[in-house]
Amino acid sequence: MWRWLHPYAKSEATFALNQKILPWFLIPGLLLTAVGLVWGLAYAPPDYQQGESYRIIFVHVPAAIWSMGFYVSMAIAGLIALVWQIRTAELAVLAIAPVGAALTFISLFTGAVWGQPMWGTWWVWDARLTSQLILLFLYLGVMALYVAFEDERAGGKAASILALVGVINIPIIHYSVYWWNTLHQQSTITKVITRFESPSIAPEMLWPLVVNIFAFMGLAAALVIMRLNNELLRREIHRPWAQKVLNSGDKENSNAV
Amino acid sequence: MQFDSWSAFIAMGGYGVYVWSAFFVTFFCIGLLALEAVWRRTKLRDEAKKQQARQQRIEKAKRES
Amino acid sequence: MAGAMGIFVQIVKRDLRVASRQRSDLLNPLIFLLIVVSLFPLGVGPGPDILARIAPGVIWVSALLSAMLGLERMFRDDFRDGALEQMMLLPVSLEVSVLAKIAVHWVMTAVPILVIAPLLALLLNLPMSAWGVLWLTLLLGTPVISAAGAIGVALTVSLNKGGALLSLLLLPLLIPLLIFATAAVEAAVSGLSATGPLALMGAFLVITITLAPFAVKAGLRVSVN
Amino acid sequence: MAAETLENSAPTILLAASDLSSIRGERTLFANLNMTVRTGEVWQIEGPNGAGKSSLLRILTGLLPAQAGDVQFLGQSIRQCRDQYHQAMLFIGHKAGVKPELTAIENLEFYAAVQGQPLQAPPYELLAKVGLVGLEDIPAQGLSAGQQRRIALARLWLTQAPLWILDEPFTALDVAGIALLEARFAEHVATGGAIVLTSHQPISAARFPLQQIALRYQH
């Protein structure tokens, strides 16, 4: 593991790798987003119960899935940062956190505007929404802890530890919230949303959803890479390689950023 | 195509406000993050220029003294 | 060599002595707990039914909030006077010292809560039949608060404005505890068996006590430098 | 590892630092620093404020990780033999580690017990020697900064640790206190101990051989 990771402990090598893989996320991400949007909004058939309102699923579900996925990847970066003392991994934690928080917020917001026409209320303490809300708190905690430190290295390490503690806790939170929800279940309306995530969803709806899930992954990963590269440049702005990259900026403006 | 007309597409069977606000907020957030990253890079570029200029001034002062 | 057990005992003895000489720090969270609990009848009305209905949640939320007040003390004073550094230089694994700190914190903050728990139940009109289970949830849950709290304090101890941040970090992590504790008490109120949630709380207790010292150690290493 | 066992042997290498580097924030404090502390030696680390003296001491104790390099105690990396090393090392930092709620005696009793050498009787004589007569059982918060520091320094008379790492031990001491401390240093190194310290005051090298290492402030 260390042998494999070691070259990327150097900021410059990480930056170069990032520049290389960025287009592989950004371009498919943008293309799939375009396809998924048109397909989901215009071509997928309406739902027999919810009519057109179900189309929110095409942003809600991808955001919800990746909000969790990015938390796990943030914790993995934190683990690498702590075990092998790799600074670029700390920076990755800090690059992922805001993107993950944004995805969580998106899933909450779209869940609320979906809930309003379906349930007649903006917010229900549905298990899904509640655990997303807690996930948002966890992201905010990681970001707030980092910002609170004056010493950026100490902040990065503290945030990594918190991310790890959080990821151990997430399954427990998840399970407890679902259990709590069945305990206090007053109606069965939440099943309306849950139905879409079962395998019984019609293929005409499933395919655009799958496209959107991959589209979101591409976009979010591209954002993380862009943020990570910015952080690398900012920390190493005195170093020749960073100055070279920043000076040559204008001509490769379009694909370097 | 599921919609007969442009206006039907906008109306979304009466759910237009919800559907479009969900999509708008989603891509607004993603766009904001992307813009911030691009803006940050521009700032860094300025910062690097400033630093190089400072370095040159220091070296010039050293040579002249 | 004093041995791990000997050092554990020494730290516990010293910290109990220190804590017994700053009594106001111990009393304040307790008074806070009492005040918060008595605010609820004033806020939602004195109807016995509604009070009995919300009692488990109110007691547990108030206990969590009051725990947040006293947590900081676990490492903050030691950080300021250098005793934390010395603790990290003891000839024993830091986890042992951390466990001692957690144990002392639990004794000084949770035991008083366990003592006044019947009073809280009384104020909120919780049926007598559920008192035992309420007490058990507090007995099983408060060590989890102390141990998980130690992680948060270890991470924020070097910060000047750690207080609000500490709550932001910790409260989301303690949500499962709140859920199962209130569920157990509610089950007891409605005459059902509370064994399930209580068993889960016991599992939390074991997991937290085993894993927290490692996270605390990592956090202290970050904070003390 | 007690001082007695080392007493009659030839100088042993207690502590060896090789290629230490420390970076704080953006600034390199020092790089490729080497030092070898043998029994019977006193090392003084000199340098202006901010040069990294305290950081170096803390790296030597194991409180702070070095960015590069290694610290070895009796030929073994201190990360591998942490407990053994901490048993044989006494560190007094800027913050003395004296609990203000406890009395001088209680503080000393605690440190003696955790080092595995519990006190048989309250150390009244020692406290009188370090100038705390009559203040033995007052909580330390009622004492002045200098007096609190003397409580911490009194540990030097109770410990059997061969290696002492002291950050500005002479701060807040009067002339008599400094002389007393220097006498204790001389006694310690004569019986096979070693000391690494920082100090603004010049140390009279008459009583013991003094090695010096200078850190510069690097921009």
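Each chain gets a letter, A, B, C and D, in the order it is written, and its residues are counted from 1.
In this text, contacts are C-beta pairs under 8 Å (C-beta built on N, C-alpha and C of every residue); 3 or more make two chains touch, one makes a residue touch a chain.
Predicted model, so just to flag it, every value in this text is computed and none were measured.
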Grouping of chains that still touch (sans chain A): B | C, D
Most extensive contact between chains (C-beta pair count): A-B
Closest chain to global C-alpha mean, per-chain Cα centroids: C
Distance from chain D to chain B - Cα centre to Cα centre, in angstrom: 54
Between chain C and chain A, distance of the C-alpha-averaged centres to the nearest whole Å: 32
Approximate Å spacing (C-alpha centroids) for the pair chain A, chain D: 49
Centroid distance [mean C-alpha coordinates] between chain D and chain C, Å: 37
Residues within chain D bordering two or more other chains: none
Residues within chain C bordering two or more other chains: 225
For chain B, residues that touch 2 or more chains besides their own: none
Chain C residues touching chain A - in the complex, by the definition given at the top: 151, 155-156, 158-159, 161-162, 165, 168-169, 171-173, 175-176, 179-180, 183, 204, 211, 215, 218-219, 222-223, 225
Chain A residues within the chain C interface of the complex: 82, 134, 137-138, 140-141, 144-145, 148-149, 154, 157-158, 161-162, 164-166, 168-169, 172-173, 175-177, 179-180, 183
Of all residues in chain A, those that touch chain B in their complex: 37, 41-46, 51-53, 55-56, 59-60, 63, 98-99, 102, 105-106, 109-110, 113-114, 116-117, 219-220, 223, 226-227, 229-230, 233-234, 237-238, 242-243, 246-247, 249, 256-257
Chain A-touching residues of chain B, taken from the complex the two chains share: 1-3, 9, 12-15, 18-19, 21-23, 25-26, 29-30, 32-34, 37-38, 40-41, 44-45, 47-49, 51-52
Residue ranges of chain C in contact with chain D within the complex: 1-3, 6-7, 10-11, 13-14, 17-18, 21-22, 77, 80-83, 85-86, 88-93, 224-225
